[in-house]
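For clarity, chains are labelled A, B, C, D, E and F in written order, and residue numbers in each chain start from 1.
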Amino acid sequence: MPRYEPAFGMDVPRFAGIATFMKLPHVRPEEAEGVEIGILGVPFDLGTTNRPGARFGPRALREAASMLRRLNQATGVDPFALAACADLGDAPVNPADLQDSLRRIEAFLDGVVGRGIVPLVAGGDHLTSLPVLRALARRHGPLGMVHFDAHTDFYDAYFGGFRYTHGTPFRRAAEEGLIDPRRVVQIGIRVTLYDGEDVRFARSAGVRIVPIEELVDRGFAAVMAEARAVVGTGPVYASFDIDAIDPSQAPGTGTPEVGGIDVHSAQRMIRLLDGLDLVGADLVEVSPSYDMGGLTAWTGANLMFELLCVLARAAARRRADQASS
Amino acid sequence: MPRYEPAFGMDVPRFAGIATFMKLPHVRPEEAEGVEIGILGVPFDLGTTNRPGARFGPRALREAASMLRRLNQATGVDPFALAACADLGDAPVNPADLQDSLRRIEAFLDGVVGRGIVPLVAGGDHLTSLPVLRALARRHGPLGMVHFDAHTDFYDAYFGGFRYTHGTPFRRAAEEGLIDPRRVVQIGIRVTLYDGEDVRFARSAGVRIVPIEELVDRGFAAVMAEARAVVGTGPVYASFDIDAIDPSQAPGTGTPEVGGIDVHSAQRMIRLLDGLDLVGADLVEVSPSYDMGGLTAWTGANLMFELLCVLARAAARRRADQASS
Amino acid sequence: MPRYEPAFGMDVPRFAGIATFMKLPHVRPEEAEGVEIGILGVPFDLGTTNRPGARFGPRALREAASMLRRLNQATGVDPFALAACADLGDAPVNPADLQDSLRRIEAFLDGVVGRGIVPLVAGGDHLTSLPVLRALARRHGPLGMVHFDAHTDFYDAYFGGFRYTHGTPFRRAAEEGLIDPRRVVQIGIRVTLYDGEDVRFARSAGVRIVPIEELVDRGFAAVMAEARAVVGTGPVYASFDIDAIDPSQAPGTGTPEVGGIDVHSAQRMIRLLDGLDLVGADLVEVSPSYDMGGLTAWTGANLMFELLCVLARAAARRRADQASS
Amino acid sequence: MPRYEPAFGMDVPRFAGIATFMKLPHVRPEEAEGVEIGILGVPFDLGTTNRPGARFGPRALREAASMLRRLNQATGVDPFALAACADLGDAPVNPADLQDSLRRIEAFLDGVVGRGIVPLVAGGDHLTSLPVLRALARRHGPLGMVHFDAHTDFYDAYFGGFRYTHGTPFRRAAEEGLIDPRRVVQIGIRVTLYDGEDVRFARSAGVRIVPIEELVDRGFAAVMAEARAVVGTGPVYASFDIDAIDPSQAPGTGTPEVGGIDVHSAQRMIRLLDGLDLVGADLVEVSPSYDMGGLTAWTGANLMFELLCVLARAAARRRADQASS
Amino acid sequence: MPRYEPAFGMDVPRFAGIATFMKLPHVRPEEAEGVEIGILGVPFDLGTTNRPGARFGPRALREAASMLRRLNQATGVDPFALAACADLGDAPVNPADLQDSLRRIEAFLDGVVGRGIVPLVAGGDHLTSLPVLRALARRHGPLGMVHFDAHTDFYDAYFGGFRYTHGTPFRRAAEEGLIDPRRVVQIGIRVTLYDGEDVRFARSAGVRIVPIEELVDRGFAAVMAEARAVVGTGPVYASFDIDAIDPSQAPGTGTPEVGGIDVHSAQRMIRLLDGLDLVGADLVEVSPSYDMGGLTAWTGANLMFELLCVLARAAARRRADQASS
Amino acid sequence: MPRYEPAFGMDVPRFAGIATFMKLPHVRPEEAEGVEIGILGVPFDLGTTNRPGARFGPRALREAASMLRRLNQATGVDPFALAACADLGDAPVNPADLQDSLRRIEAFLDGVVGRGIVPLVAGGDHLTSLPVLRALARRHGPLGMVHFDAHTDFYDAYFGGFRYTHGTPFRRAAEEGLIDPRRVVQIGIRVTLYDGEDVRFARSAGVRIVPIEELVDRGFAAVMAEARAVVGTGPVYASFDIDAIDPSQAPGTGTPEVGGIDVHSAQRMIRLLDGLDLVGADLVEVSPSYDMGGLTAWTGANLMFELLCVLARAAARRRADQASS
């Protein structure tokens, strides 16, 4: 059995070797015995209505993430010491059929979640979250969610009735009972709207929307304190759309919106998820063909590392709870 | 009625004004009385199985084409003196539904072709050619075709049965009787294949495939002499996939293949279409997010200009024939 | 008569169609009956003494602005519901003669302002503001001005007596009585100077200069409160030089200066212009050949949208005032 | 045992999954039972005296090569049907010690060659060839070599005595008896020289240098006929420095030289290696930080595919010879 | 004797002429009579363990710095009026031998410092600081240091014992007694670590580390007040690693770390070094091949200008002290 | 007196030191005693009617040219052994006044030519050639010219009477008697024209125009044989517009035209100028803001090196003739 730890460090140069997530061993879910957190890609962007390309996100994130080191200086967390981690490869997709892709992704995630592995997903566009939530809700019931994004992704339909795009995943997730809107908080929402119907729907369903102006005015600590209260003690999903970040720090995405969250605040907001009952997370909408010098992938990889740290802490806590019970 | 001539020249700087194709007046097909050649965009790339983005091709081609001047120095042709030309805008598309998009594009083209306007189409991915051929074949019957490309686009299906991608348009066009395979020649075909089934099918149907090696060894003049013989005197369509060109001269495309046709030869091959009964043409697969410094769009715009010159000559000839008969 | 509203939305993809500002109908000023706000380009950069290229700004801003949606989420303003808006095309210029260009631009603006249309101008370099101010002052008298910039643009002359450059427009405007220096505030001024004569002149004439250090220390709300007091109740012009913004968020400009205003603050400062008697605005110095991934154009387009919102509010208020009087 | 065939094709999108060379299974040399051709990376550039960065070459080549398909259309060769192929990962290197790196690389290659696996090496700078040749010569004795390059790499020493740089590998290889200079041909040599000592040495040792002017004047077929005669029937190594290619087609390299070989000719020259007793090959000097849009990596991956085809043909021939003897 | 002032201004365009630092006269140290501050390059990056290229930093910084003007608007300082400044060219290096390079650089700096010239050094990677500190400590004894960086650079050794890399200069400097760790403050430290040994060593030696989180929470003014107290009244060196800055504002560096210092704060922190007994400074790790649009070089040049201003103030103060004593 | 030889070689890395042309000593013309060939920049682009930026050409060409070595491998020429060469710096320009700039440039060139120094000029846009020709014709009388370009630059006037642009220099030069049109040959002319008046004028005046089609069909050797006959034995100027080269090899220029000359042919055509009585040369229209990865500057620097070789041969021949007479 491979040791589920990264190969990077002072002994092997970080630029050498095949690019897996954080240079972790690559195993398929069905062989991933003992793995507690599985990092996996979903090379899917058929939900994109404007600038496609997030299908190349997993590749770019793997490449970038192999440059990370193992210890989080700010928090002291070494996630690989807390939980056995592996790169589970990519979920299968069909680039010529959206619904078939959603089915394949969901089945792959079922295989992951069904083995008790906590998924950390690299998208793909934001519709990726839907099959992931389906698999997670099957195991955990309706989830709370902390969602970082420039957009609510609570639209109903595009172009006369098309209901599955990267602007609609959480409308569908709410309809399907995968998330509990009253335990959902959205942070960083901003800019121009078609008509505002998405915002009205979300608010009426109980979602707490924190626009960028409120985030800047109140500060990230206050906002996160409220977010933690909103999601409460039940199982929680964290979804991070890279377009939440300001496009100067994350240009490589399909729908950049100016005036976004700075990376420093984002890192600290993710750290403040610590203590929640996190059961999965994703980082989506990295679109390398729009990136500049790999900056977006590098930003995304660092945010995935922060997500991994809080997921590893939650996994270790659950393991300790089970051991003591 | 607007004068259907470009606004560029020594009086107005080429960088000023709204970017229409070659700075032509923009009119909708239903208002395009007197227009003989209509340049139009098809912002569609749902047929793309690998690197999407050709939906942004028409924008980039308009921007680049506004830098052209009016007189073809090599041939002496001034297309705007030969035929009334206009920018007809973009065909409607539905970015969330491939088949609905094909229907909308075909209907738009029907409106163009039905008014006797010769279409010069800026794609979009290569599946764009299918609805254009449907509209043209409805008027002219099965067409001959001179097709410049790195790939045959004669595949049957992808990913277990998906039959409408940018790798399949001419398989469908042959099946639907839109083109006569025995009057089709493909130039510039090269590189790696999945299994070669596309080539075997095309050849067995009578298509003349000229691989890049043959083109280089025999020279463009000899190849075009044969191409003209193959398509003969009937109505002919010219389809130019920008990936026929070497990626150093046209990097901005979804499926670049190294070792391609040089632009100089391509310009001269298009000029050698003069004299054929050309009833339409397209330039497809320009994908600006992969472009570098606008080079691909500029190459594409110049090739569209060469296509326009031979289309204008054909249109003028037909007008003269009608006048004399 | 065309409906003066944008064509974007959920029905037509934002990437389709010819790129006009915010996908508005394109009409020439002389045909723009009923238009209340006219967005127009000035493809002019002969005033640039260092890195030229802002002549390509209008093209890039149109391209980017076609990606906007219609509703300002932060303020709830839908400018197109408040005022009839159109793209008036580009002012004519002569790329070989600076003074002739200034005359042509002024005449074009006279045609706009003379019809009672409020101009929202996309430059061009900052000398663009001079002929715009000439046309506006002819109608409104000396204007107050809120000016966002890294530089004062109050220089007297360059290279031994050349008095018309993008560093001198407001010196000329003050001399010509187009602006009232005591009702002018400049925000974001910073970095190295040749000799400081520009700053000394501006201050002695009564201009309120807010350097970047003061802006950061006091915060944008306090600074804007003062700015509103400075310009008072008379007619006001807003001039936004994109180099006011930090070059990480707006690299595509001729004279970038590090340590600039962040876009979020800029958006909110523009919103705080609401309530002033705004009679025109410009966004200048976008230079696409220095841009990276279209980020600057996208930032500029968003700031133009914010300017449009406050211009539309002012226009609606004036219309209401007239109706009630 | 894994099937040693690529995972790409019509069933799995080429952009999905972890990037190995041509999507081959990844096995370590010590586990590579049955593998006949091993593709491996050497992330090493400590021999670079000017623009470093080739240490990132293997990553970029893996990423690009995963886009290839399996059948060589020009020759009809399917290398994966001819020989069992695998990605052997990267040779170990020490980025802080040149000589230690050379030792580690040589030991890794000994492990490959010692198992009878034919190596296809992705550099790394051109000093990479030295430890590869050491391992191959240990098994096969002095090798003939067909070497494509802009430079001879036959320099003696740099900067007062430093004898191991990417400009000296073949001087060392000749001194160490790894190559037989009379069986070496260098193709594409050009441009400015420090003093010409390298050329004089190489020629006096019997190396056949074909400058770019001679290649263009005689044509690649005539040159390759001579090259085949020069290397004769003994074991042959093929070394391809990507800077042999014109920088418009391969900008991403440390020492680009204008006026180079075009990719089409290079592809055909490699195909004309068929029939030689090829025992190994490399493709070196791809330096991604200087690349534009991945073009160089894509060119390099295609040339590696051509090398693989002739290596596979040679391997199959040897297997057949062994079977029949 | 040349006037040691820059040639830029309103008389000569900033883009004209050969690019020296701030368009200063270029003199060799041995001819630099009367020069008080010498700006010099160290084109050295053999200490880089990951992404090399900082050897090209001096070129890029000279190019960018020629765009500066002479007067610091924020502080009113004109450094060229306070001290005679010159471009001393580049220190010699041997790109094939690290230790030989360190010796050459140290000897060159001895020639500078020995003539009483205050060095302002443009790296080169951060190992550049070591030979500079050796030369300065020879004259001034152990130095205090204000160090801006994302990393401590207090590692002991890499890859099994290699003790001279860009991650180790200050460990060596402390061991050699060149710096007094109790008078060292490091600002901006952040992100992932291999194992944290560097931080533990530095802290135990008395170094004051200010992580980015503390800098953001307390503000730059409070941090700098403490930093001034830490370094006290003795001779002080300022070392600025460009990777201290956020990668959106300084992408062109070998080891970018997200969530960094913004340039505005950095400018103001450097200004707050005024009053310290500064005896030298460096700006290191600008790596142009990773830069985008020259932004990093421009940021670096501006920070060098701020360093020059405080160095010039210190030099003028020492001159005044000597005159009055 | 400085030795007028380059500093590059095996002793000093090519990336170190201040960037002068080919690392030659920098001297001002008035101090350039003994210099036979002076390389100088003209940072001027006020003649550009479309995409400006060639004012930055000299900087980029110096940077690139410092990477050259000294020996021309193809011809065996070492220009620095044949003639004393220096970098004379940049001619003065006034970026706010075209005519004043032309006067300053001409005066500077008078100072160069008047000292018997042969100028090799790095532009700047093509109007740069006019003041250079004025200075040269003052000394040598009307010149023959070999002119490589995509455009004739024989236009009369733009935008209603403006007679001094980069499209008109040779019309003016012919009118002023600086060149003898019957001894002028233009190579590489191509693409779209406004109206063809420039071509008709040039041909009627006796200019020999070789369009790209003729160059490709006849080959460069035959064309150059004719060119040498056309210019004959009198004094000759060589003017190389970088847009003669295909934009894939020289994208960084204001008016790229597809289907251009390849660099290899260009190098060999310049070599075939050997034997002519060359009295000066220029390389113009390199515009770095449109360049990609420095490729255009590198191409331009290599072509300048080839020009230097033939200029040095001519200078050495003249010196030998004088010595023997």
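Methods note: a residue touches a chain if its C-beta (ideal position, glycine included) is under 8 Å from a C-beta of that chain, and two chains touch if they have at least 3 such contacts.
A quick note: this is a predicted structure, and the numbers were derived from the prediction, not measured.
Trainee: Going only through chains that touch each other, what is the minimum step count from subunit D to subunit F?
Mentor: The least step count works out to 1.
Trainee: Using the touch definition from the top, list the chains contacting both subunit C and subunit D.
Mentor: Touching subunit C and subunit D alike, sorted by label: A, B, E, F.
Trainee: If you average the CA coordinates per chain, which chain's centre is most distant from that of subunit D?
Mentor: Farthest from subunit D by mean C-alpha position: C.
Trainee: For the two copies subunit F and subunit E, is the contact made of the same residues on each side, with over half of the numbers shared, or of different residues?
Mentor: The interface is built from the same residue numbers on each side, given that over half of them are used by both copies.
Trainee: Is the C-beta contact count larger for A-B or for A-E?
Mentor: Result of the comparison of A-B and A-E: A-E.
Trainee: From subunit F, which chain is the farthest off, judged by mean CA positions?
Mentor: The most distant chain relative to subunit F turns out to be A.
Trainee: Please compute the C-alpha centroid of subunit B, do the same for subunit F, then give the distance between them in whole Å.
Mentor: For subunit B versus subunit F, the centre distance works out to 39 Å.
Trainee: Using mean CA coordinates as chain centres, what's the gap between subunit B and subunit E in Å?
Mentor: Roughly 56 Å, centre to centre.
Trainee: Going through subunit A residue by residue, note those that touch at least 2 other chains and give them in order.
Mentor: Within subunit A, residues 13, 15, 49-51, 55-56, 95, 158-160, 246, 248-249, 290, 292 contact more than one other chain.
Trainee: Which of the chains touch, listed as pairs?
Mentor: A-B, A-C, A-D, A-E, B-C, B-D, B-F, C-E, C-F, D-E, D-F, E-F
Trainee: If we count contacts the way the header does, which residues on subunit D are in touch with subunit A in the complex?
Mentor: Subunit D residues touching subunit A: 12-13, 15-20, 26, 41, 43, 55-56, 58-59, 62-63, 87, 89-90, 92-95.
Trainee: Considering the complex alone, what residue numbers of subunit B touch subunit D?
Mentor: 49-51, 158-160, 189-196, 199, 211-213, 216, 246-249, 251, 256, 258-260, 290, 292
Trainee: Touching subunit A in the complex: which residues of subunit C?
Mentor: It is residues 9-11, 13-15, 67-74, 246, 248-249, 262-264, 267-268, 292-293, 295, 298-299, 302, 305 of subunit C that touch subunit A.
Trainee: Using the touch definition up top, name the residues of subunit F that touch subunit C in the complex.
Mentor: Within the complex, subunit F contacts subunit C at residues 45, 49-53, 55-56, 94-97, 158-160, 162, 165, 289-290.
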